[in-house]
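Input: one structure, supplied below.
Note that the chains are named A, B and C in the order they appear, and that numbering of residues resets to 1 at the start of each chain.
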Amino acid sequence: MPRVLLIEDDPSVREGVELGLRRRGHDVRTAATGEDGLAALAEFRPDLLLLDLMLPGMNGVQVCRRVRESSQLPIIMLTARGDDFDVVIGLEAGADDYIVKPARTEVIEARIRAVLRRIEDPGGARPAVEFHGELAVDRAGLTVAKNGEHLALAPSELKLLLHLCASPEQVFSRQQLLEHVWEHSYHGDARLVDACVRRLRNKIEDIPGSPRYIQTLRGFGYRFGPLC
Amino acid sequence: MLISGLRTRLVLAFLLVAAVGCGTTAALTYREARNAILEQAQDTAVSSFRDQIQELHLNLPPNNEQMQGMVRGLARQGKPRNWWVYVEYGSVRISSGTNPTSTVITPELRRQARGTPHGSFQRVVKNGEPYLTVVVPVVFKTAQTGTGGQTVRPTGLTFYAVMQLTDEQANIDAMVVAARDGALPALAIALVPALLAARSVLRPVRDLRQAARSLGRGRLDTRIPVKGGGELSELARTFNESTAALERSVDELQRAEARARRFASDVSHELRTPLAGMLAVTELLDEDAAGLDPDTAAAVRLISNETGKLAVLVEDLMEISRFDARAAELNTDEVDAAETIRRTLQSRHWTDPAEIVLDLPDGIRARLDPRRFDVVIANLVGNALRHGRPPVTVGLRAESLAQDPADGAGGVALWLVTEVADRGPGIPPDVLPHVFDRFYKADQARTRSAGSGLGLAITLENVRLHGGTVRAANGPDGGAVFAVEIPLTASEVTA
Amino acid sequence: MRSVRSLALESASLLLAGCGIQASEVVEAGGPAVVPVAPDQLERMLLFFVGPDGRPIPVARPLDWGDSPPPTAKTLAALLADPTEEERAAGITTRLPAGPKQVEVVPAAREDSVVGQEAGRPAGAPEAVRVTTTSRCRSLDAAPLRQLVCTTAHAEDPEGLVKVALTGSDGSLLAAGCA
């Protein structure tokens, strides 16, 4: 069962979520502040971080950035709807998904599972490593290298890249990507996709302003390539 | 005749005053001038006639030849212009003309000449021609010439002179013409200051009108510059005071409303955090309820259920608060409208063809916020399923509608029209205007339904955020019909 | 508005009524014409006859060359005789009764006393000329009486200011002046 680190300042939320998740079999550790959470991170070594954005002292976005400096740990933000601006900043900072409070435990758990779920191998006679331009994508090892150099991709970025490059030149609408990569509903928040695409481009494109690998089709969505 | 328009009335009044002024002045001046002209003519005529008579020498009685000579001599000397001269002595009548007596001289003048030893004149108009008739009786001194005797006795001789006043008539006519020719241009010129005066008088009125209009558009900080004193600036001052008072009370109302909204928002915020904790553990309660004694189990399940509902209510309140604070964001994406609706119904498992009938043509692409459009459709269909009777029909079409002129653009534009109709009893007419009101209860005794009471209000706000409208009506065969119209641009139809 | 309208009406009527030249009343303007009469006072006999309208008309008859002014009685005699042909042609008549008359004149200067009615007059005041005629005079009209009085007054005095007391066959009259 996954190990979850929950950083949440409100004791009732902290306790409620901890209770709910523990009942579902998760190994939960909690922290009340960002500083405590970062300290627990090294020691607890969680599989996933549930991070409240509104924290006293060091806030959630800062914690998220600090984590991303050294780790591709899956991060799910806990937000209150209406804190839209914070959501975008949190996503830009590297969070993989977000959950709006208040939420039932089943919703939280579904998100945790979705983020942790591996992209299913399309199977067949594909080679272990695919080459797309300068990118080398290892579907089995879940690593991506550019010009032989390993790229540190967050789980959502990796899954998005794997999904797109599995069908090069096919256009995916943002709703489709939300459903397949994030396992959200069709009507989910498309900003998740946009923020993730931006982050991914910053890592894999030569010039993020004029992307080669992940191209935008205005009014329709995104596609991988064509590379020429 | 009704003269409307302040400007017309002001100008007319001004012109009337100018005309009366001009006319009165002209009339008085004319009268004075005419009298002066006539007096001048009369006095000159009487005195020169008398002077000429006094040049004469008389025998008593004078004989006819002598009198004839005198009359002719006087007629010749006629100054300043020709006159006819008549003399009467005893029964003798002699004139310088063809008739021995004049028809112009009146009996009153004759009586006057006989009655008093004075020269007299009278103006007579005969056959439209003005005449001046003059009478001078002749007297003589009884004492020896040069002795300074005072006694005079009438000689019985009376001279009459008759002259036409044609020159004077011409002068006076010329004066009338001059007065008229002067007055008409003067009136025309008076029109200019009249218009200017009307303008200056009406400028505050115009300012006031513009200010009132601006006020009507909601600009409550409108003020009129108050210049000088007088009634109009009093009016402006009153207007300003009233506007200031209005602004103050509207401000107060708005502040009160803002306070109320902030309060609702704050309350929701504060409720959210404890709810987050409670909601996270409802599952736990539900699962463990089975192991408790029945009463405790029922109580636990009640708490769990109501916590869920409370969470929905608080979420909806938060959403409404964001609309009120204009903090709601529209995150649009170009989507296939039919697909979006289908997905909404699927995700809520409203897929039974006995319950939901779809008329969703593919290929209408619209720029929508999918999450908000999902809320709109879900609320309308959910509402139809809850209050109407199946089957609920969901229709979609692109339609050319005359644009609301208030938008300013005018003309015709393409709209995305989504209709949700049910087969229920419809909406009572007295409820119809209120269906989008918050927490509106058609039936005061109605028990709380599954919805928060904010569903349709949130629907309305979401549609408005898209620049569209939503209308509730009753269909031709009964049942409520909700129509959502959201603007499209023509390029977005790719069917 | 009402007063403005009436004002306009008034001024309009004033303007219209005052147009052009109107007929007027008879207006006195200065005195009569004073004319010298020939022959002059010393060379004429001034008799007052009556015009066709009943008003007195003076007639100045020249005296014969070299004659001094005649006595009043002679002048009255000329008056009592009828107007000349020429005078009658001009419509001059006399209202005095016809028939032979005798006239006696007592000049004022020679009279010591006046009639009783004049007794109260202050001393030194002009006195009346007494004229006695054989014809009647009390029953005469104003016109013939004025003929007698004026002719007598002007014969006695160039200014004609003396009073004349008439006595006729039917009695006396109060002294009167030529007005």
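In this text, a residue touches a chain if its C-beta (ideal position, glycine included) is under 8 Å from a C-beta of that chain, and two chains touch if they have at least 3 such contacts.
The model shown is predicted, which means the values in this text are computed figures rather than measured ones.
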*Taking every chain's C-alpha mean, which one sits closest to the mean of all protein C-alpha atoms?*
B
*Please identify which chain has its centre, taken as the mean of its CA atoms, farthest from the centre of subunit C.*
A
*Using mean CA coordinates as chain centres, what's the subunit B-subunit C distance in Å?*
87
*asked:* Between subunit A and subunit C, what distance separates the C-alpha centroids? Give it in angstrom.
replied: 152
*subunit A to subunit B: how many Å between their CA centres?*
66
*Which parts of subunit C, given as residue numbers and ranges, touch two or more other chains?*
none
*For subunit A, which residues are in contact with subunit B within the complex?*
10, 12-17, 19-20, 23, 80-82, 84, 101-106, 108, 173-175, 185-191, 218-220
*Considering the complex alone, what residue numbers of subunit B touch subunit A?*
269, 272-284, 287, 308, 311, 314-315, 318-319, 321-322, 327, 329, 331, 333-335, 340, 343-344, 347, 365, 370-371, 373-374
_Can you tell me which positions in subunit B touch subunit C when the two form their complex?_
13, 16-17, 19-20, 23-24, 26-27, 30-31, 34, 38, 42-43, 46-47, 50, 53-54, 56-61, 63, 89-92, 106, 108-109, 112, 114, 116-125, 130, 134, 136-145, 147, 149-157, 159, 165, 168-169, 172-173, 176
*Which residues of subunit C touch subunit B in their complex?*
4, 7-8, 11-12, 14-15, 18-38, 40-42, 46, 51-53, 55-60, 86-87, 90-92, 150, 154, 158-161
